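Shared chain: chain A. Partners: chain B in the first complex, chain C in the second.
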Partner chain A sequence: MLYLQILANGLMLGGLYACIGAGFSLVWGVLNVINILHGSFIVLGGYLAFYAYSVAGIHPFFSLLIAAPVFFALGYIVQSGLVNRMIGAPVLLTLTLTFGLDLMLSNGMLAAFTADFKKVSLDPPLGAVLAGPVVLPVDRLIAMVLALALVGLLYLTLSRSRIGRAIVAVRMDREAAALMGVRVKTVYAITFGLGALMAGVSGPLLAMIFPISPLSGSAYLSKAFVVCVLGGLGSVPGALVGGLALGLAESFGSLWLGPEHATTLSFVLLILILLVRPEGLLGRKGYA
Partner chain B sequence: MRRSAYIAAAIFALVALVPLAGEMYWLRLGTIMLMYSILAMSWNFIGGMAGYPSFASAAFFGLGAYAGAVSQKLAMPMVLAWGIAGLASLLFAALLGLALLRLRGHYFAIASLVVAEVLRELVNSATDLTGGGMGLNLPVPRMASVQAQAVFFYYAMLILAAVTLAAMILTTHSKLGFGLRCIKQNESAADMLGVNTTFYKVSGFMLSGVFVGFAGAIYASWVHYIEPPDVFDVLYSIKPVVMVLLGGLGSVFGPLLGAGLYLSLEELVWRRFLEVHTGVLGLLIVLLVVFLPRGLIALRRAPGAAQEKPLSRVKA
Partner chain C sequence: MLKNRLPLTPLAALALTWGAAFWNVAQAQDTIRIGAPLPITGPLSPEATKLQNGINLWVETANKAGGIKVGNKRMKVEVLAVDYQSNTPRAVQAAEKLITEDKVNFLFSPMGSGATKAASSVSEKYQVPTIAATASSEQVYDQGYKFLFGTFTPNQTLTEPLADLVQKQAPGVQRIAILARNDLFPLAIAQEMEKSAKSRNMKVVYSEKYAIGALDHASALSQIKALAPHWIFATGYINDLILIKKQMADLRIDAPVVTMIAGPAYKEFVDALGKGAENVTSAAWWHPAVRYKGSDLFGTTENFNKLFRAKYGRDPDYGEASSAVAGAVLQLAIEKAGTTDRKAVREALANMKVTTFFGPIEFGPTGQVHSLQPPVFQIQNGTQVVILPEAIKQGSLRLGVK
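Coming up: the complex of A and B.
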């Protein structure tokens, strides 16, 4: 019975991890840029939900509708203004650039919101439902469903829409896509915007479950990275599988080893995957 | 090589005179300056020469600090404890290198970045040995005065920095340096032509770890108290990169120049923007990467000129 509960917890957590990982994976896969800002975008999304609820009374589930355009615009601006200048530069430079941006954003949040932990506490609370012997907190359940829906939406965008096909084309072969008339720089900016959007909407979902603090950005970033490596780079189904795998690994890991070893566990998992199956569980080249 | 050695000797002779001025503020700043140069030069072995974007400095620094501190806690003499810390970092770098250096690009960068987090978690949970989150107090060395202590640690860092610089000059002009530069230019080709890339990469990584480990141990003895978030701070990983980028990638004196410049900037920023100094640091990094990606050394050269010595000029 305990195992069923752990399994359910792992899956609920994993849905959120998939949502975190999908945007990160998209940016990495298409732009070949690691967006260190991803973690801070998530935290900023969390604050947006917190203040929307405590000041304006907007339910966190609806603050997603505000977060989505705001973060898309933010990502678009960052990419077209700064990161686009560095595309094709050595890994070290792009990484250092987004690292510098992250220092600015996280320090700004620290100054604006202080380091205290904040949590969105719904009034009245949503309670929990029982599925047989398993307790499912309703807020986590809805958060997972929304997270999975967003991942699905991203998948549909990439596979069905015109802009999505352009993104995939650029990922497969940048030069060929440019020759076919795709405006590569615009596609990069849109891709980065979509990545930021996925981070920004994960924030409100996570804020209902975990306390938010400006300092938790790096923890989310490392989770996004592990999800990406587990599932395979630049692939939405990969991020889904990676997210669920990480969620399950963490919840069973904290049962057997204790929750204080979560980072060590995911690092060991990461190294093992990189050594045994470097393309990730679902990795395929040039596929979104 | 002889020219580099002369310049190095001149710099260090000058730097050795600083304690004569005797002011505590300059001694403290000088000690930090030397520590930063050690970190920057060490990073240059793997990041500048071999082109592997390592973010493992904080891991080596924290490991050295804790290895030294725990040895001292177990009643070992201070200098011996530093030796153990250096050895521990060397071995750790060898093992870590064998696992991580198979990865390239972003994978290597992020994996090396996470190592410090993992070590921090392990140190936190090994409460009996390390004091966990409570931190660890080190014995205060018995010396005549606070001033004498400050001078002692200044010279300890100075000697270590001189050794690091000597190692870097020797490496640059040796077969190892040649191999590392080959790896940077085209690893697969180097491998195919018979360069033992694994051996060279791991050696470079070990060189980039050992001096940082020593520096961590000296730092721990110097400040008498360490705790995991302090010595495993991710900024210890990012700062050396910024310093080397400031000074110029892969060159011998670039890291020294960068460390000096970085510390001056940091000192000014710290003083004026206490609340937002990491933000200002971030802004500095962004400006640096966007406008001066090849460092200040590049300003001296014509735009577009090769940033490194051509390989043919080095005797292999």
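Coming up: the complex of A and C.
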């Protein structure tokens, strides 16, 4: 009985982690850029949902529709205006660039929104449904389903659409793709835009569940790292598998070893994967 | 909330420090400078805002009255805030820099028991009287230090009255589950709760810690639900407790008594949870409903509340009151000593026996205040209602938290 509940908790948490990790993984895999901004983009998406709900009464599920184009555009501009200028540089330099941008964004949010914790409290609350003996909180359930849908959509975009194939082509071999007429810098900007879009739409989903503060981005970022490495860099199904694996590991780790060791277990898992399968659970070099 | 005051960015804090350093050359004779290492950025930044609110109100009120009376002249007060980014080692560096480079006369401690203890070794080394506004754990004060004074009573002064009250008014409450943040203060208060419960023959059915920065408590709460406790006691800071309470409601966990320390004292807790906050109990070192007639610059509790409301547009909470009283107490000690000499001020603090708007202040041999009686309160109809001590209570304990 308890195990079923823990399993459900783990899967729902895993869905959210997959959503956090997918865009980060895409950018890292295709651009070889570790986007430190990712966590703060999620938080900014959360604030968008908070103000949309508290000022205009827009339900967080609908603010996803606002967040998607806004964050795509934001990501596109950041990449084409800034990151593209040093895309060939060693990974540490682009990391420093996004780290700096992240400092600016999080301090900007601190000045704009104050450090207080805010939370989207739906009125009436969504409540929970019972599936036999298992309680499923509706907001988490919907967030998980939406997260899976988003990850699926990203996967379809990459595998079916023309631009998606171009992204994968650039990832596999940048020079060859350029010779085939793919405009690499545009593809980079679109990829970064998609990564930002995934972060921006995770924000409203997470804002219903977690309190928002300008500096909580780093917590999301650390989860994104683990999801990425577990699942395999740049692989969208990998982010899904990595997210679910992390969610389940934390839930059962908390049950068996006590809550203070849940994160310990997830990092032990990370080290094991790095030792045994450094390319990640679903990682294959060159394919999305 | 807090809209009228943006938090200082690290850059601004730095600029403030530099600017103040130049200014100091000309003004050194006429101002009393107090250093305040604060977690202006990082996870503890909401707490820093509160500490700044209290400190700023004190500075403003003291300077408006002409400053602090030292012998037969009046000296203005200036507080130098330095951001330590919620990073304890940096708090220690910040304290040392304030003392050695900025040449502050006195110091306020950083936020919380852990950082206060770490930074106290520096202020002790340089013999700088230091007031801790947010450190309650006895381990902070048992180091034999002579220059550290704290305005919070020990942790058990929160859990003992609470356990008494529950035992008296809800004798059926026998099984308690404790979930604590793995951090100095939250863990210490959880251990005190465990002691208070056991000494009253309550059964502790669950007692676990969660990691700092945990994003999910569903597993721990599912386990707690399976154990069907009568009393759920959770510790942590406001974001942890909002998340825990939200997940309790998500998992349909209810219990006759749910206590959370420290978060429900803040308005943000109630704002974030709405009806979910109803009937949650807590205890804190101060509450705006207490009534004292003090000899400090604020005078009565009512007057302090009034000044605070005029500046910030809402009622103060215990953290804000404590950081304001830290200043008020330091002022009383300087005025008593009649000098800014650090040793003389230290003596005045050690022998202090006054009543303030915050309550009676008398420091024990370790430097921790032992004269206050912390109130117990409960969220009823969206506001904090004091249910103990009897003398100031506004309502009675209600059972049943959903």
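Assume the second predicted complex is superposed on the first by the 279 of 288 C-alpha atoms of A that agree within 3 Å, B and C clash if a C-alpha of one lies under 4 Å from a C-alpha of the other, contacts with A are read in each partner's own complex, and residues count from 1 in each chain.
Simple rule for what comes next: a residue touches a chain if its C-beta (ideal position, glycine included) is under 8 Å from a C-beta of that chain, and two chains touch if they have at least 3 such contacts.
Remember, predicted model here, so these are calculated numbers, not experimental data.
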item	value
Fit-or-clash call for chain B and chain C when the two complexes are aligned on chain A	clash
Partner chain(s) touched by A:A111 [first = chain B, second = chain C, both, neither]	both
Chain B versus chain C as contact partner of A:T186, first or second or both or neither	neither
Which superposed partner A:E260 touches (first chain B, second chain C, both, neither)	both
First, second, both or neither for A:M86, with chain B first and chain C second	first
First (chain B), second (chain C), both or neither touched by A:T157	neither
Touching partner for A:W28 - first (chain B), second (chain C), both, neither	first
Contacts of A:F225 with chain B and chain C, given as first, second, both or neither	first
Clash-bearing segment of chain B relative to chain C, given 41-49, 95-103, 185-193 or 221-229	221-229
Chain A residues contacted in one complex by chain B, in the other by chain C	107, 111, 260-264
Sites on chain A touched by chain C in the complex	1-2, 5-6, 9-10, 12-13, 107, 110-111, 114-119, 121, 123, 125, 128, 135, 137, 139-140, 209-211, 213-216, 219, 223, 250-252, 254-255, 258-264
Chain C residues within the chain A interface of the complex	1-3, 6-7, 9-10, 41-43, 45-46, 48-49, 179, 182, 208-211, 213-220, 222-223, 226, 238-239, 242-243, 246-247, 249-252, 268, 271-276
Parts of chain A lying in touch with chain B, wherever the complex brings them together	28, 32, 34, 82, 85-86, 89-93, 95-97, 99-108, 111, 218, 222, 225, 229, 260-264, 267, 270-271, 274-275, 278
For the chain B and chain A complex, residues of the former touching the latter	47, 51, 53, 99-100, 102-103, 105-107, 109-111, 114-115, 117-118, 121-122, 124-125, 234, 238, 241-242, 245, 275-279, 281-286, 288-290, 293
